[in-house]
Structures are given as structure tokens and as C-alpha cells.
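A short worksheet on the structure shown next.
Going in written order, the chains are labelled A, B, C, D and E, and every chain counts its residues from 1.
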Amino acid sequence: MIIKSRIPVSYLFNELKIPLLYVCLIASISGLLPFFFQSFLSDIPISIATTLGIAISILLSYMMNQSYERWWEARKIWGEIVNDSRTLVIQLKMYLNANTANIEALSYRQIAWNHCLGRHLRKTRSIEDLQKWFSEEEYKDIKEKGNIPLAILSLQSSTIAKLYHNNELDKFSQIQIEETIARLTASMGKCERIKNTIFPPIYRYGLHSSIYLFVIFLSLSVAFKLQHFALEFSILVIVSIVFFFLEKAAFRMQDPFENIPTDTPVTFIAEKIESDILEMLGKENNASPQTSSRQFYVL
Amino acid sequence: MIIKSRIPVSYLFNELKIPLLYVCLIASISGLLPFFFQSFLSDIPISIATTLGIAISILLSYMMNQSYERWWEARKIWGEIVNDSRTLVIQLKMYLNANTANIEALSYRQIAWNHCLGRHLRKTRSIEDLQKWFSEEEYKDIKEKGNIPLAILSLQSSTIAKLYHNNELDKFSQIQIEETIARLTASMGKCERIKNTIFPPIYRYGLHSSIYLFVIFLSLSVAFKLQHFALEFSILVIVSIVFFFLEKAAFRMQDPFENIPTDTPVTFIAEKIESDILEMLGKENNASPQTSSRQFYVL
Amino acid sequence: MIIKSRIPVSYLFNELKIPLLYVCLIASISGLLPFFFQSFLSDIPISIATTLGIAISILLSYMMNQSYERWWEARKIWGEIVNDSRTLVIQLKMYLNANTANIEALSYRQIAWNHCLGRHLRKTRSIEDLQKWFSEEEYKDIKEKGNIPLAILSLQSSTIAKLYHNNELDKFSQIQIEETIARLTASMGKCERIKNTIFPPIYRYGLHSSIYLFVIFLSLSVAFKLQHFALEFSILVIVSIVFFFLEKAAFRMQDPFENIPTDTPVTFIAEKIESDILEMLGKENNASPQTSSRQFYVL
Amino acid sequence: MIIKSRIPVSYLFNELKIPLLYVCLIASISGLLPFFFQSFLSDIPISIATTLGIAISILLSYMMNQSYERWWEARKIWGEIVNDSRTLVIQLKMYLNANTANIEALSYRQIAWNHCLGRHLRKTRSIEDLQKWFSEEEYKDIKEKGNIPLAILSLQSSTIAKLYHNNELDKFSQIQIEETIARLTASMGKCERIKNTIFPPIYRYGLHSSIYLFVIFLSLSVAFKLQHFALEFSILVIVSIVFFFLEKAAFRMQDPFENIPTDTPVTFIAEKIESDILEMLGKENNASPQTSSRQFYVL
Amino acid sequence: MIIKSRIPVSYLFNELKIPLLYVCLIASISGLLPFFFQSFLSDIPISIATTLGIAISILLSYMMNQSYERWWEARKIWGEIVNDSRTLVIQLKMYLNANTANIEALSYRQIAWNHCLGRHLRKTRSIEDLQKWFSEEEYKDIKEKGNIPLAILSLQSSTIAKLYHNNELDKFSQIQIEETIARLTASMGKCERIKNTIFPPIYRYGLHSSIYLFVIFLSLSVAFKLQHFALEFSILVIVSIVFFFLEKAAFRMQDPFENIPTDTPVTFIAEKIESDILEMLGKENNASPQTSSRQFYVL
């Protein structure tokens, strides 16, 4: 979840401490080299560092772009889940006219499904607090399944089928609701795809190595040109930290369902849907959002 | 809202005054340094500034691209709202043949929905002037809701359901209209997604810091090479202002529903829909566009 | 409309004469400076011009990309209009089996709609020559409307509704045709969106200023290095003209419905649809394309 | 059609002989200049060539991207044609249960349509060898039309309409098949759009001129620095040929229906569909692919 | 299949041994040149290598992007196959209410289809282990076909048609299931498109040659500047290996169905679908995933 606020320096430091350590090491070694190998090393052209620096910017920009796309796609899918949840309730109210009990049962399960899907993606399986949205029997049945959100969708569709067979729903309304369930199934599959497909790590390794290579060549060129340890050290640390910072930021956004500060706010969205559905059903909405109390950093 | 006209210099100055101040400070300090630290600082290679300058251009270009995409996506969604509003009225006229009272009631609420959604996104909740589009009872009911546009859509669909149950609408026409309402629900959800998901601020922080870093390194290199305060000062301010200007422009376009000069012209579009719907209903269109009187800058 | 042929030099000159004038002015002033300010100006590093040159290339490439996207999107929408016009006639023939009079009336109005939409987008409202496609009464009615293409679509749908009520069309065929009309409504709205949303001018201003800045810094560096007026002048004009040329090209493609040589060939496409529809109706196609006689440049 | 194999050097030479000639000319002239204009030309900074080189890379990368997109879009459309052809046969078999004669007639015409569309796009109109897929009367009728693929689709839909009126097809199955025909109509329109819309030639002209400009500035800088004719000549030819090679490759891919080695393999795909449809109908598939014998280069 | 784990150095070495060999050769020759051709070669400006280096980064970034797009598109298609497989079973259970035998037969064939499609794409045709999902007769029939996955889909649709004719399925449910089968047909066609369309090899040849050109120019410039063989050799190998590494990575991801470590995990996904479908049918799921035992590298 990304929110507008200050990033604590401690968090940033924590994220970047390993590359920072290596950069300090490289800067120190390079800064001392001129006292020993004056003769030939000084001729390494700074153009190599420059070329690497530009190359890295290009690759970095590409990686930031792809990471953003993944993160934005995850957000879009949850946006569709919001829309289809609302549409489902609108359809239930439209097609199951006076059948309040069934409208509520189906809507409640939809609320539970949103919460379940978020936890399923974050690999936290506890669903005890969702028991209130199910009948006792249903809850017992669902709890046992391997893929809980899929089991809930399966339950929804069998309820719809039953309503049709009891003549409480005509064929065409059944089809409309079935199509909404199919879209929810698709959204769920899309989330699982993003969750289970890691961004090609070879790209990241290539970029990561390139940044170190850039730091090494830059440190050599700068060290021999300046012959001033403190200055060389500061330049190197400052310049390299910008690249490592952006690389880390890009890397963090690649996995939008990892329960880290930058992920998609699935709990927040599920609560928002809960509140919208309860309002549409004309119910008192007691569930005040709980996520606001959690600590999030802007990353 | 973006329109073709001159940008007042005062507006630009206002937007850029903070970075401008910092750049002047950096340029002054750097310009004075050569009088004190002649010896070693003069050897900082200008290649570092060059590399940073190119890196910034690449990141900036990426950010301008993403900002434009967000802004264009927001514009596209409102384009779809225009289309679906028109389609809704075409459908109502087609399927509710002689039932003028209902066609008008539903169309008027669609007009109100467009205005409401725009205000909902800009977080301005006053809907008093929209009272004329509702019956008294409806207005009282809707005013109380937390999510007003969703409540209007819910009202639309329950009216459609009622028409079906009164046999004024056949099943298949009902389904067609329901699908249009589902698309409007989706458009609304998409707007909320863009509104509530901020562009990863870490990207902006990375870019913003990089520009300052670039200014510092450029100022050092230029100051020691030129040894001419006024010239160094002018070069630095001019070059850096271009980068800050583009960065600001990109930043401003990331939030297309913030009630600022660059946002999506939701009021204008809602008025355009109002005028189109009234013409389609064969009504006198008295609502002359009011936004034209507002002041907008081109940003 | 973009066609394969030579660009007249006069056209190019006309497009570029203003930046060309400024560049000549800058080149002249810079070329004369070395005779007066030998001392310190010669130290302005050429790296500043290089960095700006690369930055401009990146921004330019981004702008060319976005302009192309807009232009290509406009072309795609008109491609969809071609498809939906053909589909409409196929549907009319399929579902209104022997009802030739109605098939023809609806098809003729579709032909007129294509022509109208093109003119509506180019803000040329004269529709006298389209009178032949309407009955007298319809033409009188439509002529008065503010949004003529929307009025034609509204007329189409009320004809379809009438055919349904006269039992000449079953419910399901009506729905299929209504969906095609909804797609045409959407295409129309998309064209209006592109027409009415200008490309953020701030981006262009930023790029335009950057090119001038690049020219100034390049001219200073080159003038002091070469100390040869004619050579400096030629280099500057040639290099800068390439950038201005590409910027102009990108700018021109941003507005695909402006009745300029580079726009979308709406008249040509409307005539193509007319000829296809007439062939599908088995009619003699007398309307020889008239656009071929117009003069277009390749830009 | 792009296949994995060696590119003959003669083909490459043929494609690049004109720019190669100009580059040799420029390299020769520049190589001789140092013997006459020693004095001032030698001071042209190589940074101008460098900046142009990078600018070209950026524009080239953009153009390669857009060309690839066009080519890939063309390939995707033909992929959809494959899918919809298969779907059509699946639908015919499903909805026209025992009516083998009609299933076959409609499927055969679909086979013919694929072949026709490929030729229509490549502007080769001979359809004599497709006569076997039609009845005699149909063939005579279609042969005369201006837009043959559209005429075949029109024929398909009127056959479907006839089957419905003869009660051999119910309304809903008719609608499903009509929607598949509408998708095929759309795919056809998309191909025509790509075929008839040339890539903005101004972009190519800008890039092409830039490469020559780069060659000229590079040759001047290198010639005066090296003062060695053979070396200068080789460097220039090698470096510039890479740019011209990539530019040519991008240019060739922009027009995917031009009957050149790099185009979309429409004949091959049409034969593949033919073989798939025949297998689905349980027919002997005698039509061995004929394209394999044709010579294609990898470009 | 891409998984999170270490890449063995041996694998990397194997992938890069050919370019590594050439680079060593070039570095050796260039390193020895200064001892023989002191005079003029030393003047080759390093800017040529720099420009080429940046040009390569841009092209490489473009190619990495396109490769990633292809690979991600392949992954998305298999994501849709997961969704449509689940939707199919949900639909079967909803519309074929108590008809367990048919639900199971159709679901089992869907399981088999997923496995078959994966093998079809990887060109491994053995389907013996899938026999259990078919009746004996069906298996014999399908085994003979040229396009097995298409034959299975054809079989599914004829079963659906039969159920409709036996009045075990109403028209509208039949249409819903047919649409799911049409989507599966489309997904299959999309996979075949990616499989059969190679990435334009000319782009790769252009990039590959450019990297060698860059290595040659860099080696010449560095060799003459440093005059230290070991240092020149190390710099060259390290810098060039990064480019070749990224190029190889991009190349490997272009073909996502080639049965190599980086491809789409079709077997894994097919097993996942099998397990989900069995759970939805309430069957014991004995098929423990077998792929986990295979060795995959992260590339």
C-alpha cells in the first residue's frame, strides 16, 4: 500500500545498507590506489564509466517501467474486483426482486470472497474472522478446501443454479449473474498469475552487476583524477546511492502481493467493498476500516 | 482542464519558485568556491554532470510518459461515460417506447450522476443544485448516502427492475440496460482507482534528488572552468529550470481529478452530456455551459 | 491524409521558417561574439550542448511516440467505423429479410452518418450534398440539431424500435442491431475525445525551449572553437533544422482531425464505406471518389 | 514471412547498396579534405557526431519499435482469423446438427475467404484456383465484385439468414454465427487499415537525413584526427552500415502485406486453416502446403 | 519456467562461451597492436566506442522490452486458460445440474486438453499417459488427428450439441458453454501464433554485430591509451560480458514454448488446473505435482 507521507530515513537506510557497504568498500580501495599504482591506472578513460552510467539509466528506466506496469496491472485487477462486486449486488437486487434472504447470503459471501482472495494472495490462510459471512455448514465445508476463494465462487454458482431450479430466477438473469461470476474467476486467476510469475531475475542480476561495474570504473577514474580521498568518497557514495535507490524501488514494486509497504492495498479495498455492499443492502455499516492504524511507509 | 492559451509567467514562477531558490543558492555557493578552493576541486570531471544529465532525461521521459498515460486514461474513462450516457438514452427510447415519463426520469438521473461523479472525485460533496433532476423523495434518500454516485446507479437499476415487474419492459431489454449500467459502474470504479492510487512517490523523489545532484555537479564543473560568476549563474539557472519545469509538468498530470488547471474537465464533460441528453429528449436546452467563465491556464 | 509522394520544399520551408529565422539570428550573434569577448566565453564546455542534445532526442522520441499513438488511435477508430458500418448492413440484410425499403433507408443513413461525422470533427457543418440519403422530413429535422451525427444515430434507433413494434423485427435481432449502433456511438465519442483534448502544450513548450537552449549553447561552443563564421553558421542551421523538423512533424500528427495534410482521411474513408455499402445492396456505385483530385503532401 | 535461416549477403548488399554508395562518397571526400583545408576544419568537435549518433539510436529504437508493433499487430489479426475460422466450423457443427451439406458449403467458403483476403491485401486478384470451394453460380457472382472477401462474407450471412427462415437454424444459434461473421468482418477491416495507412514517411525522412548528417560530421572529425585515408574509410563504412541496416530492417517491417520476404505469411496461414477445417470436417486433406517451396530470406 | 534460485556459473558460462571466446580474441589482438602500430591507430577517438555503447544500450533495452512482452503475453494466455478451465467447470455444474457423468466426462477432457496443448506447443506428441481421461473410443479417434488439442475441443462441442439435442441442456446454457469453448480455441490459437512467429532475427543480428563492433572500437581505444595488456584485457572482457549476458537473456525469453529453463511453465500450470478441477468435482486429488523434481535454473 502506497500512501502520501514521509519516508523514514531508517527505512531507506535498511533497504540500501548492503549496496551502501559495498560502495564504501569500493570507494575506499579506489581512493587508496593512487598512492600505490600511480603510473598506468590513471589512464583508464572516464568515458567507460560514462557509457556504463548511461547504459544503466536506460536499463533502469526500462525496469522501472515494467515494475510499474506489473504494480498498476495488479491495481487494475482489484479495481475490476470492486466493479464486479458492486455489479453483482446490483444484479442480485434487480433479478432476485423480493428475495432478501438470498440477496443477503450471496452478497455476504461476496464480501468474504474479497477478504479471502487478499489473504490467499498473501499466503495468510486464517479465515476465522470471516465465519460470520457464512452459514455454519458452508463455513465448515469451505475451510477444508485447498483453494478457498475458488471454493466460494463455486458455492455462489451452485446457489444460483439452485435458485434457477426453484424458479426464483429466470434463465436470462441466471446467465447475467453467471457472467459476473466468470469475470470474478478471471480476476482471481489474473492475481494468481502475477503472484506466481516472478519478474525475470536475470534482468535484475544484469542491472545490479552493471551498477557495481559502473561504481568501480567511476571510482578508478575519479580517484586518479582528484587524488583527494574524502571528495572521491563522497562523490561515489552519493552518485551510486541514487542508482541503487531507484533499482530497489523498481524491484520492490515487481511483487504487488507480498505483504510489504509497497504492495496493493488488498485489505483496504476489501473493506471498502464491504462498506459499499452493506450500504447498498441498506445495512448498518459497523465495520470501521482497520487498516488505517497500520504503519505504512511511502516506497 | 487543459486549454490552448498562454501560460501567465506568474503562474509558472509560482510553480517553480522553490526549486528556483535552491538552484540560485547552489549556483551562488559554487560560483564563490573557486576563490577559496582553487587547488583540487577544479578536477571534478564534467562527465559526471553529463552522465547525470542524460540519466535524468531518461527518467524524466519515462515519468512524463507515465503521467501522460494516467491523464489520458482518465480522459478515456470520461469518454466512455459520454458514450454510455448517450447509449443509455438511446436504449431507453428504443425499449421503453411510449413511456415518456420513465424515459425522462431515468435520463435526468443519468445527467445528475455525471455531475455527481465529477464532484465525488474532486471531493466536493455539495449536490444542492442537482435537486431538480430528482423527485423529492429520491433526493432526500440519496443525499444521506456515503457513496452518492453508487446510490444513484442503485436507484436506476431498481427503477429498471420495477419497470420489468410492471411489464413495461421485457426481459431482454432489461438485460441490455442493465449491461449499460454495469459499464457505468465500471467507469466509476476506474475513476476511483486513479483517484485513490497515487503515483509511486519514490520514483518522484529519486528523480527530484537526481536533478539537484546534477545541478550541484554541473555548477562545480562550470564554476571552476569559467571562473566568471554571472555567466556560471545564468547557465545553471537556465539549464536546471528546464528540467524542473518538465518534472513539475509531469507531476501535475499524475492526478487528473485534483481540481487543478491540468485536471480532466469533468464539469465541462458533464455539461456536454447534459446538453446532448436534453437534445435527444427533444427538450429545450437552457443550461449554458458555465465553466467557460472560469480561469484556466495551459499547463 | 498521408500519402506516398514527394514533399515540396516550399511546404517544408513554410512550416519551418520561424525557427529557421531564430536559428539564423542566434548563429549570427554567436558567430560574431568571438571578435569581442575572446577571454572567458570560450571556456563554456561543449558537454552542456551535448547533454542538452541527448536530452532533446529523448524527449523528442517520446513526443513522436505519443503523437503517433494519437494519430494511430484516430485511424483505428475510423477502421472500427468501417467494420461496424459493414456489419450493420450485413445484420440488416440478415434480420430484415425481404424488407428492402427499410434496409435501404437504414443503410443510406449510415452512409450519410459517416460523411457527417467527418465534417462534424473538422467543424465544417454543411450537409446539403447529403440530403439525397434522407427523406425530406428527416433531413429537415436533422439539419436543425446541434449534434447532427448523434441525431442520425438517434433516428436509426427509433426506426429500429418502430420496426420491432410493427413485428418486422424480432426482439433478438433488434438487440443485435442496437449493439452495433452502440458501438458506432462509442466510436463517435472516441473521435470527439481526441478532437477536444489537446496534447498537453506544456510538454511541447518544454521541448521547444530546450531546442533553442541547445542551439544557443552549441553555437557558443562551436563559434569559439572554430572561429570561422560561415562554417559555424552552416553547422548550426543544419543540426538544429533536423530537430525542429522532427518536432514539427510530431506536433502536426497530434491533431488528426484538423483538416491539414497529415490528418486522418475521413472523407476518403467515408467514400470507401459508401462504395462498399452500395455494392452490398447491389446498387450501381456512381460516386467516384472525389478526394483523389485534392493535393496532399507527405507530412 | 520470416523464417529462421541465413540471409544471403547478396540480398543484404542489394538492400543497402544506395546508402553504401553515398557513405563511400562522403568518406572519400572527407578523407581527402585534410590535404587541402588543414587549418580550421580540424576543430569541428567530435561531440557533434556523438550527439547525433545517440540521437539517431534513440529515434531508430523508436522506429524499430513502431515497425515491430505494426508487424505484430498484423500477425495478431491473422491469428484471430485462424481462431474465428475454427470457431465458425465448431459452431456450424454444433448448431446445424445433421445438416452436412450446409456445414460443408459454409466451411468451404470460409476456406476460400482466407485465401481471398490474403490476395486482396497483396493486390493479386486472381481467384481461379478457388473456384472449387464455390458452387458455379456463386463463383460467377463473386468474381464480378469489387471487394471479393466482403462479398463472400455477405454470401455467408445470407445463407445463414436462409437457413433460419427454413427453420434449420434457431434464432439464438443464428445470432452466435452472425457474431463470428462480424468478428471476421472486423479482422478484415483491420488488415485493410494496416495495408492502406502508411507509416508517417516524414519520420523516416527525418531519421534517414540524420544518419547522413551523422556520417558527414563523423567523417570530418575522424578524417582530421586520424589523417589516414584507409582507416578513416573503413571506420565510417562499418559504423554507418549498422545504422542503415537497422533502419532498413525497421522500414521493411512497416508494411506487413507487401508480398516481400518480411511480410505476414498469409498464404501459409490460409493453407493451415484449410488443413484444420478439412480435418474438423473429417475430410481427406490432400492440399499439401505449397509455400514451402518458395524462397524466403530472413529479414 | 522461471524460479527463484541461484544460477549455476557453469550454465552461464555455457550460454556465453562463444561470445566470450571472440571477445578474448579481440582483446588479445588489440592488446598486442600498440607494440607494432604505435603511430596513427592511437588517434581513434574513444567517442566512437562511447556512442556505440550507448546505441547498444538503447537497442538492447528495446529488445529486452519486446522479449519480456512476448514472454508475458504467453504467460497471460495460459492465465486465461486457467480462468476458462475453471469457468467451464463452474458452468457445467450450473447448467447440467444433476448430470454427474457428463460433467465429469467434459471436465476430464478439459484436464487432458491442458496437458495436450502444452505438449503440442513443445512439439512432444506422446499422449499415452492422458488415456485415462478419455473413453477408449474417444482416445483411439483423437490419437490419429494431426491437431490433437483442436480435435479435443471439437469433441467437447459435439458432446455439448448432443446434450442439447437430448434436452439435457437448454439453448441458452449451450450458448454460454460454446462461448467458453470459443475462448479456449482463441487461447490455443494465440499460443500457436507466438510459437510459430519468430522474433525478427534481423533485429538480433543488428544488435549482435553492434556489440562486436563496440568491443573492437573500445579495445583499440583502451589498448592504445593504457598500454597495459592485462588491464586492457580485463576491462574489455568484463564490460562486453554484461552486454552479451543481457542480449542472451533477452534472446532466450523470445520463445516461451521451447522447452528451455526460461519458458512458460505449461506442465506446471496444467497440473495446477488438474488439481483445481478435481477439487471442484469433489474428487480425491492424487496427482501430486511432478515438475517440482525437475531441475530449473533462473534465467
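Criterion: contacts are C-beta pairs under 8 Å (C-beta built on N, C-alpha and C of every residue); 3 or more make two chains touch, one makes a residue touch a chain.
Everything numeric in this text was worked out from a predicted model, so none of it was measured.
Same or different for chain D and chain E, when you check if over half of the residue numbers at their contact belong to both copies?
Both copies touch with mostly different residues.
If you average the CA atoms of chain A and of chain E, how many Å lie between those two points?
24
Measure off the straight-line distance from the CA centroid of chain A to the CA centroid of chain C, and report it in whole Å.
Distance between chain centres, rounded to whole Å: 38 Å.
Return the residues of chain A touching two or more other chains; collapse runs of consecutive numbers into ranges.
In chain A, residues 47, 50, 54, 58, 61, 172 touch at least two other chains, as defined above.
Classify the inter-chain contact topology: is it line, ring, star, complete, or other?
Per interface graph, the chains form a ring.
Can you list the chain A residues touching chain B in their complex?
2-4, 7, 46-47, 49-50, 53-54, 56-58, 60-61, 64-65, 68, 71, 75-76, 78-80, 82-83, 86-87, 90-91, 93-95, 97, 170, 172-173, 176, 218, 221-222, 225-228, 231, 235, 238-239, 242, 245-246, 249, 253, 262, 275-276, 279-280, 285, 298-299
Using the touch definition from the top, list the residues of chain C that touch chain B in their complex.
So the residues of chain C in touch with chain B come to 40-41, 43-45, 47-48, 50-52, 54-55, 58-59, 61-62, 66, 145-147, 150-151, 153-154, 157-158, 160-161, 165, 171-172, 174-175, 178-179, 181-182, 185-186, 188-190, 192-193, 197-198, 200-203, 205-206, 209-210, 213.
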